[in-house]
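Chain lettering (A, B and C) follows the sequence in which the chains are written, and residue indices restart at 1 in each chain.
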């Protein structure tokens, strides 16, 4: 195991929800977007963050970068308190943090300023940070373009002249321009076509290997998470439900939600037997989530205990954390699965 | 295999845009057999959706069906009048779209949307239509169907809306159900619900299902035969359980190698380049600029779709290549 | 050397973006008609006094007995004369400059205020943003025309004559910004949440860089459009003010001529020709605005 690059400690972010109107508006409740989340990312490691709509995965990613102000909790980058430093730290530490932590967005059509050329977009980090001398800017822009698989002449064009996959490459080049050590990649391939998706995924894989960049890879596409991450965190309504090494969790999930989620994905192999757990009901709204275990209304194995007591995220095996009262029951060959009552 | 129920022959559907003529579907041929679940798989711009819209004859302007035949039970749908077509749509061939938000009318309740379809094709009283609507909602496993009848689309979740859309499509027990990316906009656990529902309905009703998707996993799970489209033409047709082991078209092989899998880590092999522009598609085989096995002939000559032992492939070199799955 | 080549290439690209807008604009026949009309009015405003045989607000016919002359009869007064002896043709030509001045200058003031308040209220969350929004909303519900009439009457009477037009410009400018502020506020709110702004924030860009390098240029095209439409609205409002008799009677504007004509309705040419000019100029600016809107925001068409 390498050094810890990012440490998230008890991070909380709620969004208050109001009735419509300005004068007489009342608070209806809170969206529990990020609810007491703790995570670690090792140097050179990719962490996958998976979950369905409204589980708070994007909010978590943006809050780690302080693009959204947290309610409480801390994030450390190489031991440096991110929020404290950005608020009142010395200028050069602020710049160091901003340079070291970058983000790639989901929508390649919205994440590039339509009125700037690709050259201006990729060189903007140089303008802001002045971390490399001016006469090297051009060479750097071209080498970044080549690194992400584009050509020199693309620099003079505008974003609307590119396809979705190419724009995502431009976003990646911009993020790389600051020489970051950590990148939050929020669904970077979900709006891309199947064959183009693989191009961007391999690009991310190579960046991790060759540039030793760690990614927080946010996605609902579990297959790509399996492909490019070393560890994975599963979120449900603002909480981490399971967290540990990717292969271990995909082989032997120990939280009923993870089990159901993984069984839901169709596998491109017609001979594979499908042993699917279909969850009843809809993905619930994160406003005022259910009591006890948030998953209990949909969980096929829920008991009285689950309705009342919220399970802690606990280490069930080395490095494998699960938030379920009955995690041990799901381990292979240890105890039989509780019966599904449906 | 059942009897042939639908045959698409050399279908060409073009879109006449300001920028030029987009050859969205350019000579597509395949057959559908009664009671079979057939997959049509392809990426954006492969022509899979336009093919389904052409079968229903609801291609939006500036699109037009240029030529070809669509034989449904011995009759060419392209020669039918608009009136005759209206009797076929929804009654004989029904479609479920990708986005239930836009295919349901926000101004009407679930009941009136179902009634509309039921009463358009059957002479029934309001009460009978209502009973049928209830029955349909039960069939697509909507909880508390009586209450849902009075609901408006915005009061339902995405998964529920897709169930209502499926119920509406099934209202008149169509011969063929076309499902165009029915799970793409849904959350993973809701996708699983809809997949299971479609599988169940297909086997229970012995329905002819045309599943249109970009997801090879969904194809593997829900279909028995599959048509692979690339850039508006058919690359390959094969039984589903064979195509994953021994594909004959390099595009099928490349597509499978480019998709990550949930059950294991693998070496991803991206397909180089991007999806061709259909205003000015590549000469010869449309896949040639991205194909690892390209030869001069591929650039010059358009490969014919060759039929052999229940399979078909449009590739000059398929006999000499032995393509394997992963 | 290579650097300068690349710089040149960049210049070319920017020019070509304008060229794209122009190509889209050119395809739109109504927009071209608008451009021609506006061009005509601008030409009159710039060169009108060269072609006008008589000075503004002068009464060349008063002692020559050619008052109340109908148009197309005496070619020294092609569009006829007023009973007071004013030459309609000269008056129309010389009014163009004043009308255009009111339209443009008032719009400039409105855009300056509206852009500032709109961007500020959209970009700053919290109390100051809400306060600015409140002010905008109050201005939006004011009975603007009544207030404009009131102020222009008081001010034109109070302040020395000859400044009447400038006072109307100020009043129109000061009451004309809320619509612009509303639109820029909406755009700013939308852009603030746009991913490319978030991406720039993640790069560590300063607030002023985000505001001036990213938000402003993206707001510019809707502002250009609404400014063009505001010019038309201002010309029309000025005409209304003058027609109602609240303008400066010593300044030639088309509205003032309508006011003249209202006293002699059977001499139709006195009101008809300035009326046509008002229609031409407002129609021109409106068509131009619509055309710009389509050319600058092709998303609307897709």
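Here is the rule we go by: contacts are C-beta pairs under 8 Å (C-beta built on N, C-alpha and C of every residue); 3 or more make two chains touch, one makes a residue touch a chain.
In this text the structure is predicted, and so the values were computed from the model without any measurement.
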Pairwise touch network: line, ring, star, complete, or other: line
Closest chain to global C-alpha mean, per-chain Cα centroids: A
Intercentroid distance (Cα basis), subunit C paired with subunit B, Å: 54
Length of the line joining the C-alpha centres of subunit A and subunit B, rounded to whole Å: 32
Computed distance of Cα centres, subunit C from subunit A, in Å: 50
Subunit B residues touching subunit A - in the complex, by the definition given at the top: 43-44, 157, 159-160, 187-193, 195-196, 214-222, 240-241, 244, 254-266, 268-272, 274-275, 290
Interface residues, subunit C side, partner subunit A - complex: 3, 6, 9-10, 12-14, 17, 130, 194-196, 198-206, 209, 214, 217-218
Touching residues (chain side subunit A, partner subunit C) in the complex: 22, 62, 65, 67, 94-95, 98-99, 101-103, 105-107, 110-115, 117, 119, 124-125, 128-129, 138, 155-158, 171, 174, 178
Sites on subunit A touched by subunit B in the complex: 52-53, 163, 165-166, 193-199, 201-202, 205, 220, 222-224, 226-228, 247, 250, 260-272, 274, 276, 278-279, 282-283, 298
